[in-house]
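Pasting the structures in now, so scroll down.
In the two assemblies presented below, chain A is common to both, partnered first by chain B and then by chain C.
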Partner chain A sequence: MTSRPWRDAKPRRVVAPTMSMRLGPQAGEVIDRAASITFEWNGRTYPAHRGDTIASALAACGVDVFSRSFKYHRPRGLLTASHLDPGCMVQVGDEPNVRGAHRLVEADMQVRSQDTWPSLSFDVKAANELVRRALPAGFYYKTFMSPGWLWPTYERVLERFAHGGVVGTQAPDGRPGRYDKRHAHPDVLVAGGGPAGMAAAVAAARAGSSVMLVEEEQQLGGHLRWGDDADLSALREMRALVETTPGIEVLTDSVVLGRYDSNWVSVLQRGLPEIDERLVKARVKTLVVAAGLIERPYVFAGNDVPGVMLSTAVRRLVNLYAVKPGERAVVLAANAAGDAAAADLERVGVDVVRVEDARTGGDVVAVRGRGRVRSVQTADGQSIDCDLVVTATGWTAAVSLLTMAGDVPRYEPSAARFMPDLARLSVDVMATGGIVGDGTLEELVAHADATGREAARRAAAVAATRRSASPTATVEDAGSGDAMPAIVPPTLPVNPHPELFRGRTHGIVDFSEDVSSKDLFSAVAEGYRSAELAKRYTTATMGPAQGKLETVNAVAVVAEATGQTIAETGTTTWRPPYAPVTLGALAGREREPIRRSPMQAWHESHGSTTLVAGAWVRPDHYGDPAAEATAVREGVGIIDVTPIGKLDLRGPDVARLLNLVYVNKWSKLEVGRVRYGVMCGEDGVVIDDGVTGRLGDEHYLMSTTSSGAAAIWAWLESWLQTDHPQWQVHVTPVTTSYASINVAGPDSRELLGRVVDDLDIGPEAFPYMHVRTGRVAGVEGCVLWRIGFTGELSFELHVPAGYGLHVWEALLEAGRDLGVRPFGIEAQRILRLEKGHFIIGQDTDGLTRAYSAGLDGLVKLDKDDVAGMPELRWQHDQRDGPRLVGLRTADGSLVPVEGSQLVDRDGRICGRVTSSRLSPSLGRSVCLGQLDAEHAQPGTQVTVRLIDGTTAAAVVTEHLAQVDPEGSRLRG
Partner chain B sequence: MILLPCPWCGPRDSEEFGYVGEIGARPDPRTATQQQWRDYLYLRRNVAGWASERWYHRMGCRRYLVIERDSTTNEIRQSRPETPRSKP
Partner chain C sequence: MAETSAVARSPIAPAPPEVVVDGWVVSARRSAAALTLTDLTPLAKVSVKASWDGSMAELLGVRFGRAARLSWDLAGSPADVLVTATGPGEWLVLAEPGRQGAVVSWLDGSAARADELVTVVDLTHGRALMRLAGTSSAGLLNKECSLDLTDTVCPNGSALRSAVSGVATDIVRDDRDGVPSYLLNCERSSGQYLFDSLLDAGHELGVDIDGFAPQETHS
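Right, the complex of A and B next:
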């Protein structure tokens, strides 16, 4: 081990960490030295100042190693000291994958390193460095394949090596994450709060636009923040301008996630007091991308050793956080930023031993060291002892948002970077700042100012177009005829820059995914010769930075390996999200609409068990569904059926519509009559059923299934608008305008008579399948029809919804001596099953055409047109497909699970049980099923295969109804 | 995310609409062969480029409308109210 006097001179503190690397006050520092706080890192207490990030506080205390790399578990330190820093993902409390170089320290924060076992300083898994040959890129396609019986073992072993932190199921204080959503409509959204972004925002706001300025860091300013005095002074001015110009909403610690069609832009906002994260969905008129330049790492041996960092990392640490990045430095500078970093280091007392100027042939060949840089070999062959290697080898334009808007970046060899192809951008997206070109601060600001003004002009034009596109637009909305001329921003110079991607040795290209340039060469040698293929095979650029640090180097290495130019190799495609986003933010607040009938509160306070059916909550039963069903068969019961779809149909052509959508005939339905109908789709499959009654010459009320209420309305409208606009029919949904109550049982007429006073409801005056309107319990305008889903004498009342509870309670009161009780959905299911009434979606499925649902008598094929007519005709002619049958198990106490298969003598599946319940009336099970036609004759023996694999005998019943098959109770 | 130009409501976000499908003629149900009818039910041209398609403004005016859209760029050229499907 070479001696490192400058290092050994530092006193080793074993007890309490102190800020040994903290510098004196810096002109642009963001820490508040007056506010001292402490936090925990891997169980030890560390000091910090308010304004420190986790990484800067730890670096101030001399911490070198923050994590271990993904595959090889090599120690990693700070590389960029920004939110993209790949070595700095830490666990904060129960939150994994926190960006330690971005997250601000809070008092008593508990921070741990991720993915290190047993500890950060000694990681057993580093032993897999030794088996590096077994774990090249794509190893999972080659190794750990056989034998197959070892897969569970491989899984358990590889699990321990999987990357990432720990997700707690609950926050330490027990509260779930708080997420929120917001819709915004800014005229101009500026992505990026550096000098160009600020200038564009101010210019757009001054031109009259509402502006949203989004900045990923906690303050505006971009690279000005760690610049020289002139930069800091410009920063103060620009910040003041942003603050005082009206119309600019600033979102810091927020990131634009993606740009979608028609400039729909999503923004993830953090740093809000009461909310963890808020997803802002913005419809933006003009998007201005000022995302700037990201510094690129240099690829060489040892480039991931702690102590190797980028020039921006050094400048941030020194100028923003007053942290000394090391004691003895070698700087590789290919541009002005490298020079400035060297100057900053010298200013704060770091011994800058050598500046390798890449512009004149300087280079860094390899770094030696493991937990920290020990020495570096330079181009002239010398080995220099140091603990800090700084590289400034080039910039990558952050063009992701632009590519989401259709840009295909071009490689500019003289500038050694990809530039956006501004001509391909759609008119609602613009770019400014470092992304577009270089130049002095004044030149960049001038470009941004013009861009902002043009963005505002375009936004105003879009606003005018949208206003005039509205059908209620007036002449004024069309806008003044004299449109402002377009403002063309001045051209920015593009500075030449040497092409430096990979040095003379192999090094890490993707720090997060642990992909080296050697891996990329291997991938190319194996045939993955394009950037897209090599990316997918090696996973390079697929880490949390999503290529921002890695793509250009990866492309350059692939180009090298294939012998092509970088321009020929091209880049991979950037897709949203721009930055990783939590699922919580995407989910937002829990805000599901719930529908309740006017009587639902009554049900719940009377012991109902809730059933969730779509958006509705309904009473499943009140404690004893069998008893409820028995009450209906023997006395009277009432059920809340409000969710039933109801459609009011008016006009002279309603009967035509009914004939078109129902399989049966409707032209001769008289006023006061009700008819049952079934609807099929154009493929002949049963889609809905219900009863429709004629209330007047041109007035009908249609009922549908509850789940079909919205779909059937759209279905009717589709026929009326698409095929028969000449028919005069008005459709009005009244599902929620009426509360619906079914009064069922032998005593139902008696009960109803006690609450209806203006109507004769006797058997001759109000026969089966008729409809009346009248006054129920004093409520006018009720619709009553006499139908019978449950198979008993019953009446369905549709009461204006506001009076639903009143009528419900009136019925219960009036029928006390009759023993009236409410019954729920479960009892209704039992009752209808006893009567063999099918439920669409339960006894039918997506392939059940009309004849397979027992509707032979209902389908009338001699009509002009009906939805699905050809399919119905073909099914009728071919007599194929399964049939709906009733089933009776030999053992009455056996209630087969719904879905149990029916098998024939040879064990082949020939059907299934679709509905199955224990019948209280019969004291035995009753079933409906779908059964292939050849077995569907009444009396046929079939075998039920139960879910435990055993079988049971059953027979096909004579009728679908097993209780009162003649239906005498209904018509009484 | 696409802005759809509803002829009655103006430009609205596509989430307010239901996509119904390609415009296609409905064969005469009385004379269609099985092949013709099932082509109508299940086959689509699925053009990469400009096509007319039907949308339903379910969270708006609840009218059916026809839009011309380029499926490769989502550019929308024109929209008009629903018109009767031509019958052969």
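Right, the complex of A and C next:
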């Protein structure tokens, strides 16, 4: 037996974390050796340097296993050592699913493995592998169905196997995540900050474009960062160019999430000082995709054992983080990247035992090991002891963004990869770099430079068009700009590459989803013969990497299983988002508009309970709504009704508009008079009500419901601009130009008289349903209405809003001896209910036509026209539909819950209670309801079905108003 | 406690210290920050509606999408006004605090000579108005507004209407001494919310509240 001294040595165990695998300084390293920090990994403290990722810091300490696989809980190590690495998803504090091979270590960071129990090293769920044959891909489509009574149990069991971290309910440091958004309008957005991306950005900026350069890694540079001395020199030069060229905004640690119609592009930006994540919404004139090539894993037995890595992973670990990936390596190389990886390993003292050259028939067959590679079998049948297997078997073009822009990639067998069909791209999308072809660095830069210049040219043309079409442009801007000739980038060569996807054995295809090539073969055998179906059945490519590592291998395996070519099989369709995005980033900052009256601060400082009504915050009551209502009935109260909609109407044709939108007549409304009106939609359904007063010959002030203010404005404008553009009417919203105060109660005239000094407000001079303008509490320009919603003598004041608080306080001061007190929305609801005044949307619904709201006397069908006329006429003639009624419960102390059903003798539902309160004026409940017409006659007995299932007797009252039904109090 | 004489208040609570200027309670705070937000609600604001291409439009001389500083004879003395046209057939005239009556009179006089329906409405109390000023003002605004505010599309003197923090807002680019600056106005009741949203969004940019200066006009 061959001596394997290194293998026979005592197994390497991490007893005390030290940087046993840290190399000496590397030319391109990104770690700061002068800055040492510590962090926790699964409860133990580990050292790191600033610039380390979580994975590199742990790898430097000899950690091999970072996670367990999704289904079978197999140990997983580093595969790519990049943001795509599927083996290093970890929990950081309260943040789950952190990409440990991308996230930088911070001092005192607490990192844990995910979804393992009781520990990462000993995970009980690994028992799944023992029953692997019972858990193939798609097994859940055939299981957990019967018996149905076991579903709750199935759910509890499956919950324990749900993959992913834990979402904390409280941030450990007490600071909730901060997310926000930003809009941007760059001329050119370059997705990808490698050499091609940088060159394109510089060229576009030099051509006069504003450029946004987005790179997913923490630094610009792409593959140059882990390259040789020449690469590092080029990297420095290109970074300096980017830095010194004006007009380039660089976003690193950021990713383009998607490209949508008209080049709307979303970017997720991280690494900001005060913001956890920012969603940048960019409207881009030209998008340049320079996302490069992604190295593809090789499918073979044991390809997921820790210690199997891609060549780029090895080069990153060595050159960026100065980490020795292993001690004894076998390299499978099908390209120059593999050769370079082998060279790097030898340079840093790794024993490269064998380089299997796939270009001349070399291959690896199977890896043995569990927590770490122990040996590998090569194509010639040899078993080589080693702890590191490096594969360099091919590249996948990152064409996702191009696919979102309409590209259908075509498979190029000679290059063993899918490539974009540039002819399909729209004029506002371009591509450069490795996506398009290969070549030397100089060739790639030349292509990118031309692409950048052409992108700028196209963007300039778009800008000129937009500028000339924009009303904000000045006369000087109005030119369309000179058309410049198109710049055609040179053709890039496409280097040949052997087609290596699956080796001679079955292995893992999707490392995140634990889907093997054998699973894909099974799926095809079951009839899922297309790439799309096989994907959905097995979930291959549906993990966090979203297919970037797996798609081409999956397609190749499906092609192999079906006997088709890869080109015939085609690929799946990439859709946004390109990378996983948090809900926090999508939500951004809380932006919910709040509207406040000028007196709201006073209400809050005087004990009001807040009511949120739409966007308005209002005072619901001040502690005792019943007492507030009583004060209005017996003395005087004031209420802030600022949210009432108010529209200023001017022009010779206002009366024609009022006749059209209100069900009653308006032609003869005199100056100084007010009239109540109700509006219906074209279906005859009641949509709004309010009073309109005539302030002048061609000047009216319309009030609407507070919730309907904006909708009614739009309703009026719609009629004026579409059906009657010839009518001379102007509508100006003035809802919040005025602070509105209703002064109500028997003493309201007395109180108002103390603050109005230029107006006779006596009953003859200022009768009910009239309007005046005057001075209130020294404030000019106030509008006073003699109207009321409460059923008492009342005046509604509309005061220039800036003086609202002044007038409010003046009323309270002036009425102190009268016992004036504020009353809130709840008291107002009680008062109006006692008077039988309906509220639209409360006592009516989306089907309530005018006659069902008790508006028989208001609707004038003999007008030339009114919105909803045909439906109203029909309802009038048919006499169908429910009716609005007043209800009185036999037990006056019973206040039915609003919405309680009304049932007839046979128990059939014949209506509902729409409004219900205990009346302090009457000492009993008062209700309104909608009731089928045949039961709506006064005196009809009905039954209320309460929410607890019991019933109560009620009777339909003679009038809707149950206090002062004749209305003498309000006309006083 | 009720005030004995009428003073007007903005919907935006003034940052201390408070002072009364031209009958309005305003903030007397002074900021030297590079990016500032100032409540200008006390400015007179008068709305005009007429045909976008009629005689009144010609008389005002400011087309849709633009704003201009003009000198009008208000009550016998010249006064600077800023005429903004953020909607077709809609203008909002800004003037010094307390001049709304004179502006209305001037416009009513002009309207009488026009051969069309012209509506003049004093919206001084109906709109909250604020100024965002500083080299990064567009950057702040673009956190809350999706419009293209680049110089090519939105040069100095642009007047437009969009949503800012979810509130319908008129935006006028009104640079001061070459420094980018925007006048924002919305319906009054959302004024505090809009002001707070801009402060929140601008926190990382170092936005600070600047008070209303006694000589503050739109110019």
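In this section, the second predicted complex is superposed on the first by the 947 of 972 C-alpha atoms of A that agree within 3 Å, B and C clash if a C-alpha of one lies under 4 Å from a C-alpha of the other, contacts with A are read in each partner's own complex, and residues count from 1 in each chain.
Throughout what follows, contacts are C-beta pairs under 8 Å (C-beta built on N, C-alpha and C of every residue); 3 or more make two chains touch, one makes a residue touch a chain.
Quantities reported herein were computed from a predicted structural model and do not represent experimental measurements.
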- First (chain B), second (chain C), both or neither touched by A:Ser605: neither
- Message: Contact-wise, after the overlay, does A:Pro471 reach chain B, chain C, both or neither (first, second, both, neither)?
- Response: both
- Look at A:Asp261 in the shared chain and tell me whether it touches chain B only, chain C only, both, or neither; answer first, second, both or neither. first
- Message: Looking at A:Ala801 after the superposition, I want to know if it touches chain B, chain C, both of them or none. Which is it: first, second, both, neither?
- Response: second
- Message: Quick check on the superposed pair: does A:Pro870 touch chain B, chain C, both, or neither? Answer first, second, both or neither.
- Response: first
- Residues of chain A touched: more by chain B or chain C? C
- Query: Of the residues on chain A, which ones does chain B touch that chain C also touches?
  - Reply: 283, 466, 470-471
- Task: Sort out for me which residues of chain B touch chain A in the complex.
- Result: 1-3, 5, 7-11, 13, 18, 20, 26, 29-30, 32, 34, 37, 40-41, 54, 56, 58, 62-64, 74, 82-85
- Note on the structure: chain C contacts chain A in the complex at 1-3, 5-11, 13, 24, 41, 47, 49, 63-66, 117, 119, 121-126, 142-150, 152-155, 157-160, 165-167, 187-190, 192-193, 197, 200-201, 203-204
- Message: Which residues of chain A touch chain C once you look at their complex with the stated criterion?
- Response: 180-185, 210, 272-275, 281, 283, 463, 466-467, 470-474, 477, 589, 591-598, 601, 615-616, 642-643, 648, 650-652, 728-730, 732-738, 777-779, 781, 800-806, 809-810, 812-813
- Please give the residue numbers of chain A that touch chain B in the complex, ascending. 260-262, 264, 283, 466, 469-471, 682-683, 710, 714, 717-718, 721-725, 865-866, 869-871, 874
